[in-house]
Amino acid sequence: MSESIKRVVLAYSGGLDTSVILKWLQATYGCEVVTFTADLGQGEELEPARAKAELMGIAPNHIYIDDLREEFVRDFVFPMMRANARYEGDYLLGTSIARPLISKRLVEIAKETGADAVAHGATGKGNDQVRFELSCYALNPDIKVIAPWREWDLTSRTALIDFAEKNQIPVPKDKRGESPFSTDANLLHTSSEGKVLEDPWEETPDYVYSRTVNPEDAPDAPEYITIDFERGDGVALNGQTMSPATLLAALNDLGRKHGIGRLDLVENRFVGMKSRGMYETPGGEIYARAHRGIESITLDRGAAHLKDELMPKYAELIYNGFWFAPEREMLQAAIDHSQAKVSGTVRLKLYKGSAHVVGRKSPHSLYSERHVTFEDDAGAYDQKDAAGFIKLNALRLKLLARRDR
Amino acid sequence: MSESIKRVVLAYSGGLDTSVILKWLQATYGCEVVTFTADLGQGEELEPARAKAELMGIAPNHIYIDDLREEFVRDFVFPMMRANARYEGDYLLGTSIARPLISKRLVEIAKETGADAVAHGATGKGNDQVRFELSCYALNPDIKVIAPWREWDLTSRTALIDFAEKNQIPVPKDKRGESPFSTDANLLHTSSEGKVLEDPWEETPDYVYSRTVNPEDAPDAPEYITIDFERGDGVALNGQTMSPATLLAALNDLGRKHGIGRLDLVENRFVGMKSRGMYETPGGEIYARAHRGIESITLDRGAAHLKDELMPKYAELIYNGFWFAPEREMLQAAIDHSQAKVSGTVRLKLYKGSAHVVGRKSPHSLYSERHVTFEDDAGAYDQKDAAGFIKLNALRLKLLARRDR
Amino acid sequence: MSESIKRVVLAYSGGLDTSVILKWLQATYGCEVVTFTADLGQGEELEPARAKAELMGIAPNHIYIDDLREEFVRDFVFPMMRANARYEGDYLLGTSIARPLISKRLVEIAKETGADAVAHGATGKGNDQVRFELSCYALNPDIKVIAPWREWDLTSRTALIDFAEKNQIPVPKDKRGESPFSTDANLLHTSSEGKVLEDPWEETPDYVYSRTVNPEDAPDAPEYITIDFERGDGVALNGQTMSPATLLAALNDLGRKHGIGRLDLVENRFVGMKSRGMYETPGGEIYARAHRGIESITLDRGAAHLKDELMPKYAELIYNGFWFAPEREMLQAAIDHSQAKVSGTVRLKLYKGSAHVVGRKSPHSLYSERHVTFEDDAGAYDQKDAAGFIKLNALRLKLLARRDR
Amino acid sequence: MSESIKRVVLAYSGGLDTSVILKWLQATYGCEVVTFTADLGQGEELEPARAKAELMGIAPNHIYIDDLREEFVRDFVFPMMRANARYEGDYLLGTSIARPLISKRLVEIAKETGADAVAHGATGKGNDQVRFELSCYALNPDIKVIAPWREWDLTSRTALIDFAEKNQIPVPKDKRGESPFSTDANLLHTSSEGKVLEDPWEETPDYVYSRTVNPEDAPDAPEYITIDFERGDGVALNGQTMSPATLLAALNDLGRKHGIGRLDLVENRFVGMKSRGMYETPGGEIYARAHRGIESITLDRGAAHLKDELMPKYAELIYNGFWFAPEREMLQAAIDHSQAKVSGTVRLKLYKGSAHVVGRKSPHSLYSERHVTFEDDAGAYDQKDAAGFIKLNALRLKLLARRDR
């Protein structure tokens, strides 16, 4: 807190916590605050954030409200999906992938407004602080980052509400008690953690889920859909061309209806402890399966296996906040190189919590019925070749066996 | 065919194809045949195979019928499951993992009976020939392996049936026409490929599935179960201790009932082409998810991430037939080392095609509610540490950004 | 040999073996032969090959003699060097990297001349057959490849020489006896294997080396040189700008003089056995060390470590002949992405068999004396940050230790 | 500094810096100090450290002086060498590998003496603080670690010497001026960094080297030696059986004489900046080359390549201080599994800075002259097998080429 700050860009949701941070920044640093509120498809009205910022004395030209949905899906979600990234086998990285984009805008707005610092509302125990700060530093090594949760003494809910009331920040009634869990949302997913979720033996209560119906309440009849891909990215749903964000939103509607994309996970945070989270990634889960489906007929084995080997590291980098690191970019270059012919159509069946690929076709298909058929293959494949193939693959094993017997 | 063979051990199912092979071996090589029929939980009576072998003149002491179910699950399936192995992201390797065990017994029986060769019924287009032969050569570098499908001229169904009839091999009525697809089954899974499955755009017809009900016909109410693990392996279902094979069989029953473990996949064969397969791994799918669940609270992050990075290579090795290769054994040593504390209980919800982990607990849990809580943590974690952690993780990115701006 | 071939492009050195192949192709396939002789810097006159081909009846417009030195170094050697590729820890892949280029020209010439096949002089035991053929098939899947050494019955030296004499092919006197070893040479290296080298316990006799002086005979005074790099590739020696091939040739002269780049290796061939080879890569060894030197100050740690992790697979792909495979191209995309700022100057000391980096500087250096100094760093680095960094890195280990004690 | 400490075990060299730390600990924490001085083969007398500790009031039973040389080489250096570990391609990790052992003893002595803390003399800019602390926390999660360099205000040489003089700590004359560089030494290596080495463009002055003669001053005649290995570890030099530490010491003598193992490197520290170091690893360099030599004939290709792929991560773990982390132990399990037959003899030529393998033999050799020979191989290898091997390896590339043309 000893540093002198003149102007700070705050990642501002309009909610109680970031409103308290806004006041606290003004009070503590005696600095001007610029608010930045991003529409990443979290499904909330953003204009109330503007009104609230104005109420707290922020100059209109220092209130930024940006619709980043298309950029989010096009430049962050889709590139990540090209990698089939899942952290620790399952998590589709919905929160992780939003942080670099927010950071990018924070740094850009800092430049536009001549601010010397940015601030975020992430706590000192989580991954998000790391993601925000690594991204900001990578984009502007001289920026200062303020993380109020690591600095202030408002360490209890009561202290926070007291501060709010003392500073004329409206406190919604439902925020007065302890919230049962904390959430993050964007077009890709909603996550929840903490409170009722903290015992990993207890099943996540159904009321925690907000983006999907309970599979038991989903339609009794399956629904079939198609997704078209061009060069590794989704471009159409059921034959209808859509922009990236529109496509993901439409898949979210389908996923919600069929109860798809719920995940209950104990994961390893970058800061060293395990946490239990609940994720809902309805459209993302469908999309991820579809992407693997179209790759299955258009990617060569060598490319596919290399991607599978690189994926855990790639996912870890995004989870840990290294989106703007050279090694992530190198891996992206490799992955993107593989997607040139990942085009075609995947058919999926959605039913009570599941999305399964049931068909795939492509003008660039590598699947050769002639080669694989049990029937006459008209000489496409000479079975005798397999004898030599096996013999030479076995040679080292034979030499080994001779030595070791 | 030029080699002189005295006695050959044939992997014999008792079905039409391997019966034809039996006769063909006798006719072509003028050699004695020893039959080996393994019970791997494929769900067929084995005594008819004995009768048939006797009918074809095999001496009783040259007819081997072994129940390998416990060895199969204990020494092959479970070690593989410790690695969370899935080939190309999805396939649980049900066929691949059975081949090394069959090969091991073929080589053992060859030694016991003084045979100089073994024979199998895999075709020249598939992976199984490779798996059988690499395993056999690794276990006995001097064994000869006969693969009739790569040698003979019975390349059409008609030719095969003609040969059968000329040689008094009974041909079941349903084998006279072209079978609509070919299958392989064992305690872990049933796979089907070929014929009606050869167009990857067409949905797999429901009649192809034999081990699971259609999820749409599964019970409308979810079922909750628990699986207990000890040192990485399942030991009990719903609190009842079971042997490995018994446990897997019981999970198969549950998976069948709830329509769990169906997979429709286009995969890359080791011999170079893509094939489309349908897999049913009911118990295996439940078990695999449960194993990841228990690992999520008992494995350290470093161990877990290393396992995830090694897995694709491990799965590829098994798929390609390198179970008995030093690099698979090295990876197994690493994986097994990680499982010492992978003990505890996982609770799963089974419902209409899905198995989801909903709870996990362990006497060896690394999950620390104290560390992760949003509430007062009594000093377990000092949020200020995060500042230094981020600063040093960011240092190289800052230096990079300073250089590159 | 059953296939009908009309015209074949032969990789033709002008030597005895490929001259025999030329005749054998004419005799066996009754086909036209197009000869292709590449100057890859092997240090032999190529015009005698033209004369010899003409003598054997090849039409002048069917005799191709190409100087590929610049393309070889620019498009094959340098990209590989960007990866710091060494097979099995040591081998700089001098033979492996030449094969894809020769194959590319074979396929191009086949297209230009309307040939339906290509032929090479590699034996059935080595890696080169694989490299030639995989490359050719990847570039033209319909090309036929003839590998006479796998087909003919000239399996002894005597038979070969008999065939030559019967066909009026001149046999140099020194080829009449058994050659003591076989060699391959190009601008990057000379390799030798076989014969006197076949016992891996026996030291390689000095007469086997042809590209370097014995270090014991090298100058008693060290020589210092500088190499300049731009974007990962060498561009100047001692401040003098040079083309890729010119630079490598100049480094070869220096390496020869100082006895640098000798390697005696037992390696694992792709076809399954071990072989013992002797390599001389004088300029390549110097270049490889220099490249690592310039990377050491211009590459970020994340990029550098990712490159190190990917390298063994990349080297294996080149060794095994998969230059034109998608996974090699993906890795290359990642590697090339990392080289944008790998520019600057490296100073090396050459002395009696060794090349050591002794200095490196760059306008893009990431080395920060301010950060690393033991002296006052003017606040560049706050040592207290290290406490938090260590604490959070230790957290998972502490939780583990608490559990396991 | 706010924590209450009763007794602290200090890693004590007897030199000026750790003597100042000793006093500072007493003064700052008012705690008892236990000194621990390890003989890791650094080549210094240890009894003076005892005398000095006594002089500073340490009770005799609180002065620990341990000869750890055999444990160091047997349990740390050799296991690491089994992995062929080199950080960033070159560094043999001589400092990194000593830290876990020192930490282990610190924690053990803390337990024996009832100390609640340990202290070390590593600065806040380097890797050693991380290595010490991660190791200590992994072995005793409740231990407190004091790092005076991160806490105190003795941030200049002058301040340090003032403190020493005020506290009756003898200051050797040569410590009064700025030392030109800082060093660390043990049986494996000596490292130097800082001061005159801080400009990476300047050649390391010869006076910085202390463990090796300048190669230019080494004998003009090469020397040949043999090293015998058993199960991956060195056991004899020139046929004479030696303990691990004795063997390494003898190799150090040879390396010193021939000027072997000098390395000038710019490396990436875990804490985020680049540093330039000079390393001398005379015996280690010879040993490392010999180990690769014996592996080259005794390790199967699959094992060897897997080791090469795992090595960079393994080396990074040791460099970063994660010796006692589960993922290092998992990798060690894999590596150790591979070494069962890594036994035999390697012959090396030492000459003016270089150690080259010139011969290797083993009762467990996998090298088969029969298979590799250009001469008649008596049917060991059927060259025609290569055709099928290549065809099936090419199949996917052909399918790809057909699609993409």
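The chains carry the letters A, B, C and D, assigned in the order they are written, with residues numbered from 1 in each.
Here is the rule we go by: contacts are C-beta pairs under 8 Å (C-beta built on N, C-alpha and C of every residue); 3 or more make two chains touch, one makes a residue touch a chain.
Chain labels with UniProt names: A, B, C, D = Argininosuccinate synthase.
Since the model is a prediction, treat every value here as computed from it, not as a measurement.
Looking at subunit A and subunit D, the chains in contact with each of them are B, C.
Repeated interface, listed pairs C-D, A-D or B-D, reference A-B: C-D, with more than half of the contact pairs matching by residue number. Taking each chain's centre as the average of its CA atoms, subunit C and subunit D sit 32 Å apart. One simple way to say how far apart two chains are is to compare their mean CA positions; for subunit A and subunit C this gives 42 Å. Distance between subunit B and subunit C, defined via averaged C-alpha coordinates, is recorded as 40 Å. Multi-chain contact residues, meaning those touching two or more other chains, occur in subunit B at positions 268, 271-273, 300-302, 305, 313, 325-326, 365-366, 368, 371, 381, 384-387, 389, 392-397, 399-400. Residues of subunit C touching subunit A in their complex: 268, 271-273, 299-300, 302-303, 305-307, 313, 322, 325-331, 333-338, 392-396, 399.
Looking at the complex, you find that subunit A touches subunit D at residues 300-302, 341, 364-366, 368, 371, 381-382, 384-389, 391-393, 395-397, 399-400, 403-404.
By the touch rule above, subunit B contacts subunit A in their complex via residues 84, 88-90, 123-125, 129-130, 133-134, 137-141, 147, 149-150, 155-156, 182, 194-195, 198-204, 215-216, 220-222, 262, 264-269, 271-276, 292, 296-297, 301, 304-305, 308-309, 311-313, 316, 321, 324-326, 347, 349, 351-354, 356-361, 365-369, 371-374, 376, 381, 383-387, 389-390, 393-394, 397-402, 405.
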